[in-house]
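What follows is chain A paired twice: with chain B in the first complex and chain C in the second.
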Partner chain A sequence: MEFVTFFLKQHNRMFALLGQHMAIVALSLSIAACIALPLGYFLSRTRWISVAVIGAFSTIYAIPSIALLVLLVPVTGLGMRTAVVVISIYAQFILLRNVVISFQTVDPAVLEASRGMGLSALEILLRIELPLTAPSLISGFRVATLSSISVATIAATINSGGIGILMLEGVRNLHMVKLVWGILLASALSLTANQLLTRAETRFSDRARGLDRRKQKNVSQEIYDASL
Partner chain B sequence: MKKDFGNAHAGHIFAVAAVLLFAVFVNTAGAADGSAKKITVGSKGFAENNIIAKLYQYALEENGFTVEFVTNLDNAVLYAAIEKGDIDLYPEYTNTGITNVLKITPIYDPDEAYRVVKEQYKEKLDIVWLQPSTINNTYCLVVARSAADKLGLVDIADAQKHAKQLRAVQGGSNWRERADHLPAMEKGYGAFEFKDRKIYDSGLKYSILLAGQGDLTMGYTTDPQLENPNLVTLTDSRQIWPPYYLAPIIRQDKLTQYPEIEGIVNRITSQLQTKTVIGLSADVVLRHEEYEDVAKDFYEKTFAGK
Partner chain C sequence: MSDVVIALNKATKRFVGMKQNAVSEVTLDIDGGSFVTILGTSGSGKTTLLKLVNRIHELTAGEILFNGQNIHELKVEEYRKKIGYVIQQIGLFPHMTVAENIAVVPESLKWNKNTIEERVDYLLELVHLNPAYYRNRYPAQLSGGQQQRVGLARAMAAEPGIMLMDEPFGAIDSITRKILQDELLAIHKKLGKTILFVTHDIHEALKLGGKVIVMDDGKVQQYDTPYNILFRPANAFVSRLVAAENTLEKLQVLRVGAVASPARHSDNPNIPRVNEAETLSNVLAKFMETGAPYLGVTDDSGRVNGEVSWDALRSVASLRNEGMEYYV
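Let's look at the complex of A and B:
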């Protein structure tokens, strides 16, 4: 009962915090993806640099998020900016590793066949590599999203807003209803994101394997077949 | 087909350009409104500090300031934030500044403590201590009623004697390190060899005692939970804890820019009574009201328009 009255009284603030949370995660992931895709594509061609760069990011990833947030406050200030920087860095590790491995696992025979058909490097990337790697790229993006949603709750301690505020205030004042609402919102957000991205992953995976229901010609599949 | 694609492309460029133009417009509109008096008020995130910081906010707003409120910050973050200028003003406690920020030994005389902390903050950090309140939020040692009755605990000295039978609950992680925490207790009463010592979030410490999961914790004298008959505050016969009078601190540059802040803030501070503030904290901690609402009601009853 108290659970419902709390919602009725506080729903405006709760949705505002949920909105902030989604904004932080969306912004961080966009930045991380814009860096990870081109960088990962480049790194996938040069194995030894990719090992070094991914190693560097995994070292940063090992720093607990609360410590990294506090360390960055003197540099980037209080609030959303610091949260976005930290979450982008963490997501970077997950995404970058994923992008590199995805591109490295494209069968070289497929690439050779495409070149043999006279496709340019850009055409190979857009029409062959991206469709083939899409499911695995989305899968990495999904993991990064879930991790970002949870790190963003901790960012409440540096004034970045978000659902973490409800949890923090809930714990500080032993306000169980508030705490549980915080947990529920965060879980709902994670589950929804997971569901949507899993669906996208399946769809792209079907397409990559030539199971696309639309009658559009599947070039990558054709080339794959030709290469066998 | 090709032409369609070109048009769509142009459309996209227009859309992006429009968004950019709008962003520039919004930014310049904000900048043109330079007359607004802006200040950022911070808080440590626990009920008492939140409520008092909110009272400062409402008073400043009534006097034409635009206030940004920042709370839930860890102490270390708060110190960095006011030094860097991310925060302009927040309620601090005299000996917290002395031991935790200036890192010097606690000062037991209240007037001397205020004088020293004010002087050194000005000199080292260019931060001003405004008029102090009469609220002394110092530390105390709290034990569960069951343990107090069983072992006959009245004074901290008794707890020291029976430490081996007591499970200590540590709220926050720097109990052993901060000069005014465990080191102060051991200096005054001798070594505390607790049966065990576990770290929890500070908000949980009393409920852990009340749930029978621990026996002893360090509390704040203004915590409203201490009115619970199942918690016993031990007397401090050797006076190990210095006074922690609450006073707002503000960056010198902000105060120079808007000297009127001093009067606005002092008016609030001078009317804060320990009993009133414990009552307000109880509304938040025990009755689960929102601290903004509690502060707003109190402000409107006590200060608004007067």
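Let's look at the complex of A and C:
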């Protein structure tokens, strides 16, 4: 009962914090993806440098998020800005490694065939590499999203806003209902993001492997089954 | 048709960090409409030679001309679109249907949609895949042989001037391989496309090639007709290479043209006939079935333009490999 009355009284603030949380995550992920996609694509061509760059990022990744947040406060100040910077760096590592590996695992025969038939690098990227790496890229993006949501919760300690604020207040004031609502909202956000991205991953994976049946309206079911 | 399509002039390739040339000063002409096989062991430079032609590898020295133009002065993507490329691993795009795979280059060349559709159906029929059945299927739903048929159709999609084939049937079971070889010969006969075909299988090289390039150590050992490769090997290497082929195998790869003589009995309507493209093993079968002393040789229109006698056929079996002296 207490849960409901808390919600009825506080829902405006709760949704505002949830929105803030999503904004932090979305902004951080966009920044990270804008860097990781082109950088990872180029790094995937040269095994040498890719190993070095990924190594450097993995060192940063080894630093606990709370330490990195505190470390950056003197530079970028308290608040959302620091949170976005830190989350971008963390997501960067996950995405970059994932992008490099995704592009490196495209079947070399497919690439040789597309080069040999005279497709340009851009055509190969858009028509061949991206559709084939999409499931793996989305999978990496999903992991980065979940990690970002959780780091964004911790970022509340440096006053970044977001659902973490509810939890912090709940702990500080021993307000059990507030704390549980914070946990519920954060978990719901994670689970929803996970669910949506998993679904996208499956769909793109079917497409990449040629299991998308929508283009096969005139291939009868028996032919399809017999071919499996 | 017999204009030179590809001319190599001292074509040389050395890979970075290697002490030896992979391909060493190769000079030869490929005539338009010819079917040329490149035969060699792994490391002989045969695949490198092929990949120099479509600039997958770039020359270290020398030059290659395509219809008289230096290929290094052409824009590489535009040039490659004029060349069909088929590889052993096939490399079909798994996320595209059969029709989409075939349409990639025509789409890139901005062909109109109806033209592409018609072209796809035409090509599928050419490689003996029923379009209604196979258009919308994915590579994962096809057998290896069917996939390579699609690979062949895809390579021919934009009407290339020349086809480069790198051991296309190397990973396919022997029964299917034989069928595909015969179909490729039929397609070549029908379309007259220039084909450059790499293989390590001597039987395949002699059977398919109107001319054979024998490669070893980055150099051309002999560039000649299958008949001359078998009976007039240019050096010890070629001689050793063909020594293992027994009489029956020779008859399976040589064609009637190699032993036919001008028609002297063509007025006789009762003589049994064979097509000029038949292998000598089929000629042998015909002799055995009919007991005739000679057969009329016909072209595709059924006209007799020569004859082959039992003695001429026997001479192939008894012909001494002139290269045998190298063994002494």
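Quick note on the criterion: the second predicted complex is superposed on the first by the 213 of 228 C-alpha atoms of A that agree within 3 Å, B and C clash if a C-alpha of one lies under 4 Å from a C-alpha of the other, contacts with A are read in each partner's own complex, and residues count from 1 in each chain.
Criterion: contacts are C-beta pairs under 8 Å (C-beta built on N, C-alpha and C of every residue); 3 or more make two chains touch, one makes a residue touch a chain.
Bear in mind that the values here come from a model prediction, so they are computed numbers and not experimental data.
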item	value
Touching partner for A:Met117 - first (chain B), second (chain C), both, neither	second
Which superposed partner A:Ala156 touches (first chain B, second chain C, both, neither)	first
Chain B versus chain C as contact partner of A:Arg127, first or second or both or neither	second
Chain B versus chain C as contact partner of A:Leu184, first or second or both or neither	neither
Which of chain B and chain C A:Gly77 touches, first, second, both or neither	first
Partner chain in contact with A:Leu168 - chain B first, chain C second, else both or neither	first
Dominant toucher of chain A (residue count), chain B or chain C	C
Which superposed partner A:Val85 touches (first chain B, second chain C, both, neither)	neither
Touching residues (chain side chain A, partner chain B) in the complex	10, 70, 73-74, 77-79, 156-159, 165, 168-169, 171-175, 177-178
Interfacial residue positions of chain C with respect to chain A in the complex	54, 56, 76-85, 87, 89-97, 104-105, 108, 132-133, 136-142, 151, 154-155, 164
Interface residues, chain B side, partner chain A - complex	45-47, 70-74, 76-77, 80-81, 84, 86-87, 201-204, 207, 284-285, 288, 290
Residues of chain A touching chain C in the complex	107, 109-120, 123, 127-128, 131-132, 207-212, 215-219, 223-224, 227-228
